[in-house]
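Down below are the structures I want you to see.
Here chain A shows up in two complexes: once beside chain B, once beside chain C.
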Partner chain A sequence: MDRRRVQGPETSVVPLPTQEALAKRAALPAPVQDGKRADGRGPEDIRPIFLRTGLISQASGSAYIELGQTKVACAVYGPRQLKKQQGFSEQGRLYCEFKFATFACKKRRHPIRDPQEKEFSQIIVQALAPSIRLDRLPKSVIDLYVTVIENDGTASCLAAAITAASVALADAGVEMLDLVAATSLGYVHQQLLVDCSAAEEAYQQHTDLILAYMPSLGQVTHLLHRGPVDWPPMAAVGGACCVHVYLLLMMHAQ
Partner chain B sequence: MSLGLISVVERDFVERGVDLDLRTDGRGRNDYRLPRMEMNLVAQSDGSARCQLGGSTDVLVSIRCELGQPEPTTGDRGRLAVSVECAPSASQQLEGRGADELNTELAEALSRALTGPRSGLNLRQLCIVENMHCWILNIDAIVLDLGGNVLDALLYAARAALADTRVPGTQVQSLDEGVDFEVDDDINHAAWLEHASNVPLCVTAYKIGAGYVLDATLTEELCSSARLHVSVNPAGQVCAAQKNGYGSIEPSLLITMLQAAKEKAMYLLEVQEEQIQQHKRTLLEKQTRGESVKRPSIFM
Partner chain C sequence: MTTSVSPYAFTAETFKRVQPEEYYRKILEQDVRPDGRAFDACRTTIVNAGCIGTAEGSAVVRIGDTTVVCGIKAEVAEPTLDQPQQGYFVPNVELGPLCSARFRPGPPGDLAQLVSERLRSLLYVGSSKVVVLEDLCIEPEQAVWVIYADLTCLNYDGNILDACVLALSAALKDTRIPRASLDVDEGIVRADEQATQPLTLRPFIFAATYGIYEGRLLLADPNASEEPLMASQVTVCLMEDGQLAALWKSGGGLCSMEQVQQCIAQARKRYTELASLVSSSSSN
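For the complex of A and B:
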């Protein structure tokens, strides 16, 4: 054998799922059978939440949240003075960096943030800005770093990130109007499912909704939705779930 | 995104106007600037359209078909690749990296409306050889002037550009070692995109003070605390919705905004359908006269 050359075929093709795998995917079982989902939940149940604050010692405030296998860590640094090159701002600024760990998803993520992660960062800022008294923090900035350690449903990652970031801000002692609770909903095969896992997101024709809500003030701080859907029931269920998450947060705070 | 500053007094003036259902340019809160549209402008692309709102917002969308490989999980379908670029000439703030954030925001929102579940397009039409070759539709948008309500204009132009796009014909031959295909350079063999008329349009409702307006101008955009982008298809279904901006919205106002945007979108869909039919009629007349027949962009 010639050891000086790389032994391998001259051409390559995309690794393709085998015909059996494709057939299996086509014949996915219904998402809800006998009123139960694959993991034993009812259609409108969220997964059990694990939440801890203050896990990151160097940060001003931090929170870690688990929603089933979805694991998100969030750290808050600041408020601190704006750097000279960032200019002057009458209101405080909120800056967020959302990142999936390279190993968080089925497909490897690149260490550099991609457009989806940049967009999620903007969404988190938009969802949290209404809850913070930014008018009390002129010339300063609050930095928010969110890392997804494991992704079990992309929509649930974003919802968990918003909730965790809000708790982390409270942990940092930032002056706030209310906590923001967020949930994700999916609409699969004419069935409304709350807090979809990655397996449930894999169904084709998937519709999703992410709702961020401040229950005490009765204000929607963010809404992201795609796919045609019946609006009123989805919004009502979303609101109820946000309240449920909010109550859990309040219990945690005590 | 904040493009420019606004004084407290002017903000108050605009907010009070919205309360009285009278805006600075004389419109009511549900009135929309009639979009002016031109199609088939860019010679090097397979489909293009330009949309202007009230003579200030100005966007151009070009679509080019490119050969590529399908995603491993959806081997029987083609792909869409969406990009948006805000030209620095549109605003000084967009110079250098200043436009990055706005570009990503617009591109993701546009791609959510076009590639989301049941966006309408038949992506199977773009497949050439299953799991091997497909067409990639590069949807490239450029924002030439900012006059408020850019996303609506972008989707308006993108929808028209899709209706104007023709995918070159291909002939697949099986050889001893697999399959090969040839691309036809005759535009008459190129197929229109299937179901392009199912693609949604977007209408944005801007929350100003305690009320809302549709189709805000740049000044009104600066006054608005939050906005809601709503994409609606001709069947009247809401295909995508997204809140944007740093404010919050009460649930009751949210539903009102959604409803108003939906009704306006249905009206705009009718207006645009008429514009597209008009364009296709002139194109057909040109062709029968034997004038300038375009070639698919891949042969340029």
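For the complex of A and C:
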């Protein structure tokens, strides 16, 4: 039992929807109609991005990103000295803690991090470490904390987190090779959709891709893919979207 | 001593880091605070409600740089045996490592636990509760609503208690829970997402915190750099008609009866400001 938090009942559940609502949900329209998605986007359009740096004044660097309804805050602390018990490291270390706020998803998340959140933390580290000059930071650690305030598409949350974390690192003045721009793609009803919302993720998905890319170096830092797919067109669309995000970041930097 | 600055003199920034107390005292002598505020001035306060679509109710509060997000989630559970008609209200504050370098990763620290407990204790002030728990009943002895109020701090710049009380009030006002009923045959609760209703709430409680500097000066809304310099802090929680809901004094410094009276008088003014902010914050 967790004695450090105010306790509620032992178990609680989300109530089931009414029969009528269930019937309505079963008869969903096709995700793309006349070349337009439910929110008026084309299949290969990302949602509008809002990005702000420096909102978390206590951190060395920070970024807040909105991707449609998806909202992610990211703070960087460091580079700071590695603790004694963490041992010696010739290269700098990157540590990431990714967390969904308990109210961020349709179903309430537990305040303690679950395996998915730990996996996402690792992915962010792997996606960003190649872009940072860690060889210049011996005996130090950079801490990266990411909190998702609203989840409108879990894959898009991860992509937004990678992008925001990269911008926050730049805001903290960490020496980097390039900014990392990330994007998410999914196949819904044999249709390639970029940057899926939560409503689109609710369709049966067999294929998805999260791509983190350094456009000016032309290097992929991380790629997470699942499902059978015709690879070349998916990679082309993913790359183009990363470049699009990157250009927005560059515009923000000016 | 000539007028030229000695090469060994501190710049203001260094002086602040090396001798924070002396730095602070020198500035207060000019009847102003380091950030340019008057003694009784609070920082700019912003309330924005209804900004998180996945929560049943939500609010973002900024007091200066201090930022708190409150999200309300409603779930269904069995009531306790001794209170078969009452729902649950579960407030929790999360002061994660994201919001300041002073917090470490891991379970909630002392400050987060303290603020959570204070929020919970505010529920049981006076004759009626902030959230009317009897109205959260779906079916006596079978099913009731659980209201989870989670507050996440995004930026810690002092006075977290005021920000949390304000965010909680604004989010509760914004909350709409679906109409639910127990399906007796199946033994499950079904909720109609289309037909939502607001919570039954008692008039709001707002908090105002004052730092007492050297037992003589009252400083409203202390920020993170001022807080450690205050020997004691007084938090006044008021209800709608100016009635006292709670009074907390922390720290060991001296604090006279007149100063407490002064705090309450200033808090009454602050209450009207906050009440109008919350009433105009709603998106619907």
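The rule is simple: the second predicted complex is superposed on the first by the 229 of 254 C-alpha atoms of A that agree within 3 Å, B and C clash if a C-alpha of one lies under 4 Å from a C-alpha of the other, contacts with A are read in each partner's own complex, and residues count from 1 in each chain.
Operating definition for what follows: contacts are C-beta pairs under 8 Å (C-beta built on N, C-alpha and C of every residue); 3 or more make two chains touch, one makes a residue touch a chain.
Note that the coordinates shown come from a computational prediction; the quantities given were computed from them, not determined experimentally.
Taking chain A as the reference, the larger set of touched residues comes from C, when chain B and chain C are compared. By the document's definition of touching, of the two partners only chain B reaches A:Thr207; chain C does not. Once the two complexes are laid over each other on the shared chain, residue contacts for A:Gln126 go to chain B alone; chain C is not touched.
Once chain A of one complex is fitted onto chain A of the other, the partner contacts of A:Pro228 are limited to chain B, with no touch recorded for chain C. Once chain A of one complex is fitted onto chain A of the other, the partner contacts of A:Pro115 are limited to chain B, with no touch recorded for chain C.
When the shared chain is aligned, no partner comes close enough to touch A:Met251: not chain B, not chain C. Overlap of the chain B and chain C interfaces on chain A comprises residues 13-17. Note for the complex: chain A touches chain C at residues 2, 4-19, 21, 55-59, 69, 71, 73, 75, 77, 97, 99, 101-106, 108, 111, 143, 145-147, 149-152.
The residues of chain A lying in touch with chain B in their complex are 13-17, 115-116, 118-119, 122, 125-126, 129-131, 204-207, 214, 217-229, 231, 235, 239.
Chain C meets chain A in the complex at residues 52-55, 58, 65, 67, 69, 71-73, 75-78, 80, 88, 90-92, 94, 96-101, 105, 107-108, 112-113, 116-117, 120, 146, 148, 150, 152, 154-157, 178, 180, 188-194, 224. Taken in their complex, chain B has these residues touching chain A: 69, 72-73, 75, 101, 104-105, 107-108, 112-113, 116-118, 131-132, 226, 228, 233, 235, 237-251, 254-255, 258.
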